[in-house]
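The structure under discussion appears below in the form of structure tokens.
All chains are identified by letter, namely A, B, C, D, E and F, in their written order; residue positions are counted from 1 within each chain.
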């Protein structure tokens, strides 16, 4: 269960409100790289955790931290909206050239929330929990979390570069540092459990004897001219120590699939109930 | 640009069609761990690739391979639907106990496609491109790809275990092997570029001097009783070689945020236009 | 900011795991009447709160409580999945009639989470934050919260009736009681602020002189035969004490709208660039 | 069944078309506070109505009225788009400063509809029927309807304030008046049926003896420091006359949940198949 | 504006309620082939209609008819849910084999609506207005409408075949007939305006001199082996009378795209800021 | 299976990058009229094809072509983003008037992709596979494809008009030509199979004797005043040669539906468990 301290984890200060930056910040709230996503991801991973309890505990701590990041960013959005124009006439009176602010705003910040944040991304697309990974596989989840924190830190540094508001830069420098740690943290689990050799391929509980091993370390070339993009992945030992990389020209090993014709009572056209084209349909 | 060979990359054979397994297979087509997702992810990463061309090329090859995996799985769904009952009366005549097949099917396999696959997951939720990562950051993308292939291989092994159809097991053993390679392949890019020391924190182009470095390698404890879930992430050198892990009890460093009161013309209640409760509202 | 106690707010016990009930419980996690929704709704209302701080504080408390409800329900889902069959062959060996369990399950509970909860509803539709109300209007939010708790309590009582598992009934009897309180709580805010007379119409900050007052307390009859569905809403004083209810036959007060013809370079058909039908198109 | 009169319910006039206001108006069509939502909500509530027919009839009337509101707003959007620039060059020739109109438009108004409305909100997010409440519980539905009309009227007043177009203000003053009535109307149902005492808690058909009554009127405090946000909800009789409000410090009544370890064949990592950390994983 | 007659357009009768068929019927309400979709499509096309008023009028009539179809189907769903089991224990007492009904139901029919319809498809996926076409181009809309009615009639005939309930079959035979007419109706518009010669290519207002005419009537072969799937589309005059069909082997006419390297401050990895691989990265 | 040539199908050149046009181009990638949609639609139609193989082959060729169109457009988006400002300060230094570019951009082009395309539409709404038609009915699919190409060509011509960049116009003139062919191609299938007389009504496999034939060629008038919008659809022979068009005033043929009252244990209000209003509820 959870408790709240009404104070923020880290100070949020906006020196010069910018309603368009409020829109940009929404990406860090409800975007695929954002904090609602990691909050939900770590909490659901924790709540569904099977195996040693230490990982459940760790995930619960960090998931709980992330709720506070959503709070900080929501506060930052509201603060960037202070003083936003509520109408075309108001904007025009301040800015005779016009259009600059309202055009670039998420209008829901005016129309739907009265100058507050929404659980949406920077385009106003609502957060969608389909992008929450809690796979029941600890290693897969750790890599998903690294991906979340890597794209999350990229986002935060881009927001940092987008503004010259000292308060916002300060807040973002904190969030960026946290993302640094979180990238480390999930990789440390892999490391603690023996690293790539022990953890790969994921899931490591599936007997590799049951996979088509001849294709398990081959880079498939699908270039129409057979050109091989060489790299660490086309030669040398694999990173799990269990195979050797090699390039292989991909060729069709299967046949042309032919499905049964449609049933007469299945809602198809009559002409589909046979694989023979109907009488009169000859190719010119 | 692209070309197709009408033959399949690998044989798809169904010995005993199972319309409920057809539903399950949809997860590998349109699920968050599925093949449409990786197909789109690798192709968009390739098309937006900036920097050395070799990564664009590699991504294009593997993205192209994945289109063929969607094709194989769609064929497998259609084959598992051969002979599915189209009505309650038909089912009852075959199976006097009733309900067993239609109940467990994705009814759209009958009603919407006439016994073919859909770009949906196993619950019939349409594929949604919000879960496609193409971040413009090579390392972030590589970890996102590892996550996709790790959850993808977990899914494929679960499907492998769910069925005892020899044809389906054969197809899945191929896809599982490909997922093994693809996990390796993306990690090989990290390795090729110097490994974690060189690539972390992501993005490595952001000067770490601009992050709040005192929080960059600290594990924040949010346990209400201050219990620390110790592990590789609470002590020792960080994996990027740039810091030392340590636990830190998280405390509010910020203040209670107080937003400006609502504007009288902003669509709030009048009582919100001041931070003082209205007359007559005293706390008991 | 937030803290977690790893213990649950209230005991979660499952006496006889039921994987189909696990599917049903998902509605209380990720459904429109579920706990993720209220958690997000109360937290976003709190974070965007403008006006007296006491409402921000109250919302923060209850939003924080709701995170723990998602935790309880996620735990209940995982516990109901203990022992679920992972394959058709396993199910058949236990249940010779077959199909009963896998058919009724959310297959993602096997394929995607390894027997854990998802942030989805009972049909596997991911939670979508579009149904989070944080309107910036305190009274509107309170009514939205009552609606959420009323549908939420209806859901919880339906789940209570659906099962005869004593552990699950105990957990639900707790959640039902909390929903009772939460319905009260939001209405108490309306009451504290003067009740319907003071708070309606919402927003009460908009001058009613600017609305078309002749239509502000009239029940519009759209029955083709002019039949009036009489009730408290067709006569007597309005509940805000500001008008008298009356029925009114709705009639078109506007004209048939006629838009300008399409521009020749606007992507329409040429025939649409005039409001006159083209030559040769006469009505028979 | 339904009939249409091609005239509008109320005049729609645009004195000075504003394509950015057309974008804003979309919120009233396809937004969560918009008219498609209430149209669908009231109609589905009517069509699924169980119990006295008078409520079905009332809902059908108002649902039918709302279709005409969508029509009015769609007309208003199209009229605000008359004369919108179709290209960058056209805009530049009219407005040498540039960018003001196209930047702020929903580009689908040009690209997808040829200057007509879409069933989307002001950010171009398509209407999603997940936010349609038809709960089968009359009182819950009435509160959901009040919430819809309260947020709807807040939206309409914000749009009213956003523009100084006399025609648009006139149309909105009509819609605002209708929202006033609709708020009243749904509350009148609660009143007619005995008010809060009779109708709460919702559903009133569930025996309160089966809920954990000690928690049914307690305000749970989740503040980390135990601070109580006092108000009408922390003392005095409850609004349904069935209890006494009181504050209660929330404490964990449950235990730390411990799920069974993962099955070896369930797609987890091998290390998760026991709750004991693997050999070699000692906490530093 | 709109009016309602509380009677249904056509009788809806269910002889033997079937809660699983209720789930199937949902596809005709909220599915991509369903009635909400056509209702919205025809109404939005009407409301945005530019050009001769007769098409606006026709669309309004048929859009209004479709509202009544949603009503009929929603009624049919509710009637098929009469007597549905509300619990596992109730089902077990009726049906000792168990599982047959609840497994196959949309559980929201119990949990969320109290035995009423939802605006969802047969998988419980909410209707999403993204699939509403109102393109501002009359001919494009007419073909979109034909597609909607063709898939709609396929769906209705599949539902007709799925049940042997005489009441349901009667209702569906009416809806199927209406779909027959509606297919005709939209094609009649094309015919009235001169048929394919006059209306194609759509939009016919775009000067064909501005398209790359050498590719305007060529069937592009993307088969890897250059095999041509011959048919009416590979030779003979085109259907608009403006060209000659021919097959053409597709070849890359463009170059390999090379984007500029990433900016150092753009959130990419440092290695992406040049197109040259970093020192030490040599291809083996 | 599939192969790729890294060269583009047709040259993509941007003479003067325009980040707002990059946003507009996204509609052709991920919009409902866009290329991801047709790519998925044709491929899924091919993979689920039942009946003569020639249609499967044709669909596979064109679906494969479309992948390359997504590639071209994604490249065009990235090229239009070259040189886009990454910050407010950068924009201000270039453009002292300010706001013109960032306001009109999809901010995800900066924040999420580092100046690359996304699988989204011009409003940043992710591609959603719910709008992919693969109905299992060849004729229905062909009309769906015509609709896709008709709206697609309308979109492409609107984009053509929106820009005066010679490179972009050249690319679009190619895509427009391809849409011309694709409209033809799908209609040629209908023609090859006997045209409207043979193919309509769709599905032609359903015996028309089982539809309510008296309503199969009647235009239903739902105008409240009985006004008939006359046209080719109200008189003369139907286009399938199987009936005569006629107008018919629509009248309710069914009754007012009356559902059973709610069950006492079903989560409704007690007052709904009877169709009689409760005591004391009299109509004024």
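Operating definition for what follows: a contact is a pair of C-beta atoms (placed from the backbone, for glycine too) under 8 Å apart; a residue touches a chain by one contact, two chains touch by 3 or more.
Since we're looking at a predicted model, the values are computed, not measured.
Asks: Would you mind naming the chains that touch chain A and likewise touch chain C?
Replies: Shared contacts of chain A and chain C: B, D, E, F.
Asks: Assuming a repeat means more than half of the contact pairs shared by residue number, which candidate in B-D, C-E or A-C repeats D-F?
Replies: C-E
Asks: Decide which interface, A-D or E-F, involves more C-beta pairs in contact, and give its chain pair.
Replies: E-F
Asks: Per the centroid of Cα atoms for each chain, what is the distance between chain D and chain E, given in Å?
Replies: 26
Asks: Taking each chain's centre as its mean C-alpha position, how far apart are chain A and chain E in Å?
Replies: 29
Asks: Counting only Cα atoms for the centres, state how far chain C is from chain D in Å.
Replies: It comes to 8 Å between the two C-alpha centres.
Asks: Chain C: which residues touch two or more other chains?
Replies: Correct list: 1-9, 32-33, 47-50, 54, 57, 60-61, 64-65, 75, 78, 86, 97, 99-100, 103-104, 112, 114-116, 120, 123-126, 128, 130, 135-137, 139, 151, 154-155, 157-158, 161, 192, 202-203, 206, 222-224, 227, 230-232, 250, 252, 254, 256-257, 259-260, 262, 265-268, 283.
Asks: With chains as vertices joined when they touch, what's the shape: line, ring, star, complete or other?
Replies: Graph shape, chains as nodes and touching pairs as edges: complete.
Asks: Using the touch definition from the top, list the residues of chain B that touch chain D in their complex.
Replies: Listed in rising order, the residues are 154-155, 157-158, 161, 224, 230-232, 234-236, 265-267, 281, 283-284.
Asks: Can you tell me which positions in chain E touch chain D when the two form their complex?
Replies: 1-9, 30, 36, 40, 43-44, 47-48, 50, 56-57, 60-61, 63-65, 67-68, 70-71, 74-75, 78, 112-120, 126-130, 132, 134-137
Asks: In the complex, go through chain D and note every residue touching chain C.
Replies: 3, 5-12, 32-33, 54, 57-58, 60-62, 64-65, 72, 75, 78-79, 82, 86, 114-116, 125, 128, 130-131, 133, 135-137, 139-140, 143-144, 146-147, 149-151, 153-154, 157, 160, 173-174, 176-181, 183-185, 187-189, 191-192, 196, 200-203, 206, 208, 210-224, 227, 229-233, 238-240, 243, 245, 250, 252-257, 259-260, 262-263, 265-268
Asks: Within their complex, state which residues of chain E touch chain B.
Replies: Within the complex, chain E touches chain B at residues 18, 20-21, 23-24, 27, 31-33, 97, 99-101, 103-104, 121-125, 151, 154-155, 158-159, 161-164, 222-225, 227, 250, 252, 254, 256-262, 264-278, 280-281, 283.
Asks: What does chain E use to touch chain C in their complex?
Replies: 1-6, 47-54, 86-89, 97-100, 102-104, 106-108, 110-112, 114, 120, 123-126, 135-139, 192-194, 199, 202-206
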